[in-house]
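Next come two complexes built around chain A: one with chain B, the other with chain C.
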Partner chain A sequence: MFYRESGVFKTSYAADMALMPLPNTRWAVAALGVLFIVIAPLACDEYTLSVLNLILIAVVGAIGLNILVGYTDQVSIGHGAFMSVGAYTAAHLITQLHAPFWIAVPAGGLMAALIGALVGIPSLRIKGLYLAIATLAAQLIIEWTINHVSWVSGGTQASIQVGPPSVFGTELTSAWQMYLFLMFFVILAIVGTQNLIRSRIGRAFIAIRDQDIAAEIIGINIFRYKLWAFAISSFYAGVTGVLYTYYLGIANYEQFQLDVSISFLAMVIIGGLGSTLGPIFGAIFVTLLPIVTRRVLESVGGLFFAASDLSAVIPSLRLAIFGGLIIFFLVMEPEGLNRLWRNVRNYFRTWPFSY
Partner chain B sequence: MQNLTKGTLALAGCVAAGLWLAGGAAAQQKEILIGSQCDRTGPTQLVGTVFCPGVQDYVNLINSQGGVDGYKVRINELDNNYQVPPAIEEYERHKQEGAVSMLIWGTPQAEALNPRLEKDHIPGTSPGFGAAAAANGAKYPYLFPLAATYWSQGADAISFIKGKLGDSLKGKKIAYLYYDNPAGLEPMPILKELQTNEGFELRTFAVPPPGVEMSAQVLDIAQRYRPDFVIAHLFGRSPSVAIKGLKQAGYPLSKVLGLVWASSEADIAAAGGWAVAQGYHTMQFVGVGTDYPVLQQIKAMYQKEGKPPPQGMQTSVYYNRGIQDAAVHIEALRNALKLTGGKPPTGEDMKKGFEMIKDFTLGGLLPPLEVTPTDHEGGGWVQIFQVQGDKLVKETEWFHAYRDMVLKAVNAAS
Partner chain C sequence: MPELDLNFTLLLISSGLMIGLMYALIALGFVLVYKATDAINFAQGEFVMFAAIMAAAALGANLPFWLAAAIALGGMIAFCFGLERVVLRKLLGRPVISVIMATIGLASLIRGVATLVFGAGVRAINLPISDEPLFLGPVMLPPVQLVGAGVSLVFLAGFTWFFLKTRMGVAMRAVADNQTVSMGMGINVQRYFALAWALTGVVSALGGVIWGAMLGVDNQLPLVGLKVFPVVILGGLDSIIGAVVGGLIVGVVEALAAGYLDPLVGGGTKDFAPYVLMILVLMIRPYGIFGRRRIERV
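Up next is the complex of A and B:
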């Protein structure tokens, strides 16, 4: 936010270690909380809320992937598959054991974490593009398994229907109830990640990212922490899968194919690696941009194209503009939207006395 | 100067008021919105770029004839790029704009939207897509496949082959070449059951996605297994690869039957043209060719506007399927307006309208559909066409086979 840190004196260790050391930050977070938790569900119509819900789900997944890609500098293009692991685990628990959401969500996450840690084992030997290919294999293996093993997929259609989650006996069916339900997990994800990276584990991740040999020399068990990174990141992916399942009312692995893994990577990279705000920006950008582009094209497209051609032109043009804007933003600021935001913030911090 | 500003402001105000009034006048015209998800991009664009104009053209034709009982029909076409989250966004948008029914695009999308259709009481059609079990109107009250599902297609295929092989399949060998995804696997239970009933031998050959490499499977079929007939259930680019591969391996294409997504002119062109594909059988759930009155009317409509007929008409398989998908919505609307006595129908009325569809064939383009509250498939009708010369020639009239068995499977799946 647009304020300075001067004049804040910390007098205890607790104050020094606080998640939000500045009073201004606390006020800003409280204001954002009121805006998104109280005002947004009251003020937004159902359509807007449904778009917000899609963004919220994407935020959880993007924050999780960022732990792996941004903080530990490992790469995974298998996160779509980890989501499907979470989705099917939860779907089976919900349909067969009538598990409530507070069991289904963590269970889906834990199963995904287990599979993710297994898939992470090659990361001990290989890095970068090679690791990417190894995780791609995981994506394909998981897809194949779900498609062919009927006790996993629940039949040849590979889709399992689940009902809406119920909280304190109320079934969450309307858009605003779902919004608050998803928001709860988004807040958990944000706070969890913020705390994780300040912890022993988080510092180990960052040490591995910055220089893994040096990290090993100072006594960090690389084997353990790389697998932790995969497991935690996959846990988030699994939770994302469960949230998708609840939101859509169905688990279907065709929703979690390779393009999903790629688009989550895109969110993390466009948003900015190695920050919590970055993936949030990225998730908003990637989810919202196609929608906004289409709205803009629908309103101004008539000036350039015949009305009868418009429905043929918009879909293709939308993809071209989407791709073009991603290139534009990455060229303008290779470190992502989060860096762009920080630049703006830094400018206003000294405004109007910047020199 | 100040006067000038005032004048400008006044003028702007007038223009704005005029625009607002014009907008109000336009809104007063009676209009019904039908939401359409139709993919001209993404993995199914080969189908969509031909299919979607078919939808639009049919609706334009209806509107040029005065609409339905005085109501203009508006199709709001949105492209979901074959992804589920955009499909949700588009569904919510159509719902907000007041759509009374929806055209759904894609199998995972149909599955994901079904709970919403049920909750909001809006009927959706998914011809040629997704879960065969959706044929059961009791379990999927608001989803209408309205075209032969993969189960019906499997049963119809076996019946056609039985006719070709001398009315008995005992001891005959049938190869099932399929795209290895849920849609490709779907006909399997029906084929397995028919295998025991009819006493033929069935071997399956999976083609892993994206399905452009299948030389091993094709050689296996043509040179080792040597079946009496091949059923090809493939999508996207893969049908053309199969046609070309089987031809090169020396397997007669007159013993190959492609199910509905392996059956377009585009597949034949991509396989190397009509000369390569001679004899290939294709299964269709909507008529093929342009010899139908409705297509002539669309041509006339374009001529009146001084434009050439749409290019998509040439690849008539998908274009005609687009016409079908639009036409069932219009027919349902017509039925719904009968129920409401001319008042704008709700989604619930439209559902009843769909369930009243009967004897609506558009001059033979559509099969003799008979939709009921329990049968949302309308009978599972198909026609078989064969590549002869440079066109698809009709081999059979509309037929359906092993209907009891298919319906039993549909009910058992619920």
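Up next is the complex of A and C:
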């Protein structure tokens, strides 16, 4: 029933480049597809689905950031701001022009890509720390601009209300409809990234990451590809922003502040840089962390803290655990959750004859 | 546009200069670590808050001021030694984003633990000086700022002397310049890495007491740390004199922006103007005014 590899028998380039080279992978992907697309929306209650929706949105953003940080090795602490660019672009399109989602989502992405590429321009001259600080500046400047320029922010409280997206004339109001809507974009993001990384552009990204000088010598236009990385990554961020806006029903710059940039960076690092599964694991982990922390504390926290303190304790404990985990992963397992998964997979790949 | 009033401008510039010196003190902590170990500390603001909380807690227990300051100082030195040993030593030779992320994680860890242990309320640090502002002609000088600026000046001069004249300072400069050659010359590089972090602890403790006295100690205090980046980029990442000049520029720019631009655009330019200035510097002269020019053509 299950095929096992016993060697490399590929005879054509097409087979070598196949997205899913092993039949096992195809079975696994099909099973996961059925589980997440058919069973999950039927079996889960409203609350679980809303948590799953949050995870799906985070997955899109984390995959996008991974293109920049994991594959091209450029740092960005400004992704939260790029998300807000996408969110506000889409919100204006939706409220003023009544744009449907299939215009609003790509438009938000494209606007974010434009801004992201602009921010990426200094990456020609500066790298590492300087780039980190430049993107940090971009984050703060974009935040300030949205907050203070009223034709961007849409007036009061800098927030714009947005109705639910409608697909084929049906308004997506319930959690499971939203779930399938978001799942569509997650699958697009995963497949798109897989194909991007195997293409000429993706190979150029990886070459720049591994040795930028050597990449330039073999004829890769570094400046152009760094800008591409920024633009593509910001496109994903913009789409994430639009999806957040649809999910929350409101575009608000407070949803996209510096801590959002940082938690997306944390997803990519905790999950594992430079892999497709890594950011998915990271997004799940970082999204669930505050929810699980709150759940655990609400049930057993009463043993350690007075009930009145508990509401104050939870956010600070969440911060502390979040920071501690980032440091822990960096020191103990720099390749992240993806590495742990690969260890498990490689063990079972040859099990029970692992010699 | 508000009328250009000479007295008002003088007031803004003088307070900007004093705030700038205090920024320089915090930026110095960043520069010390970057110079010696090439590590980037995104948690500088949290270091300052941590020190301020320790001092405030000690003062809250009715300890005399000098003892509270000493506790903050000792606590920060111990903390930084430990940090270097447990976390940063393991990250040597890793890509730059690892260290950035580690300090970002550290920032959130400190913020979380500090509010867990000491509570989230605002505490005060009362310096043993009067609150009466001094008047120098038309210019009003709050004593807190004056003391802060004075302490900053003394320590900035002290560190300059340390790096130029003492054996340890020269060794630290050697480590910053070339680690391999320093090892060859018999300098214990690891020890000087630890020393650099400890010096950052000293600077952060001072900054914590001063900034805590000026702004009050709560979880808004780390926002001061965000000002470090414009300061060090302006001045040059590896230059002490650059930290001072950058601090002064940022202080004055910020005060002028708050005085003249805020009424026009409705607030917030204080935090915004230094970053615009910084972006300009990054575009034109990324190594800053006094930084060492490293040629990297990719």
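In this text, the second predicted complex is superposed on the first by the 303 of 355 C-alpha atoms of A that agree within 3 Å, B and C clash if a C-alpha of one lies under 4 Å from a C-alpha of the other, contacts with A are read in each partner's own complex, and residues count from 1 in each chain.
Methods note: contacts are C-beta pairs under 8 Å (C-beta built on N, C-alpha and C of every residue); 3 or more make two chains touch, one makes a residue touch a chain.
This is a predicted model, so every value here is computed, not measured.
Should A:23 be classified as contacting the first partner (chain B), the second (chain C), both, or neither?
Neither: A:23 stays clear of chain B and chain C.
Can A:314 be said to touch chain B (first), chain C (second), both, or neither?
Only chain B; A:314 stays clear of chain C.
For A:33, select first, second, both or neither according to whether it touches chain B, chain C, the two together, or no partner.
neither
After superposition on the shared chain, which partner residues are touched by A:100: those of chain B (first), chain C (second), both, or neither?
The answer is neither, since A:100 touches no partner chain.
With both complexes overlaid on chain A, does A:331 touch chain B (first), chain C (second), both or neither?
In the superposition, A:331 contacts chain C only.
Quick one: classify A:269 as touching chain B (first), chain C (second), both or neither.
It touches chain C, and chain B stays clear.
Kindly classify A:287 by the partners it touches after superposition: chain B alone (first), chain C alone (second), both, or neither?
In the superposition, A:287 contacts chain B only.
For A:46, select first, second, both or neither according to whether it touches chain B, chain C, the two together, or no partner.
A:46 sits against chain B, while chain C stays out of touch.
Taking the superposition as given, does A:137 touch the first partner, chain B, the second, chain C, both, or neither?
A:137 contacts chain C only, not chain B.
Counting contacts the way the document defines them, which residues of chain A are shared by the two interfaces, the one with chain B and the one with chain C?
144, 147, 312, 316, 318-319.
Once bound in the complex, which stretches of chain C touch chain A?
Those in contact with chain A are residues 34, 40, 87, 90-91, 94-98, 100-102, 104-116, 119-120, 226, 229-230, 233, 237, 265-268, 271-272, 275-276, 278-279, 282-283, 286, 296, 298.
Over in the complex, which chain B residues touch chain A? Could you list them?
Against chain A, the touching part of chain B is residues 39-41, 49, 52-53, 56, 77-79, 81, 83-86, 88-89, 92-93, 95-96, 107-108, 111-112, 114-116, 119, 130-131, 133, 180-182, 185-186, 188-189, 413.
Residues of chain A touching chain C in their complex?
69, 73, 75, 122, 125-130, 132-134, 136-138, 140-141, 144, 147-148, 212-213, 216, 222, 262, 265-266, 269, 312-313, 316-327, 330-331, 334
For the complex, which residues does chain A have touching chain B?
Touch list, chain A to chain B: 45-47, 50-51, 54, 58, 144, 147, 153, 155-159, 161, 173, 247-250, 252, 254-255, 259, 287, 290-291, 294, 308, 311-312, 314-316, 318-319.
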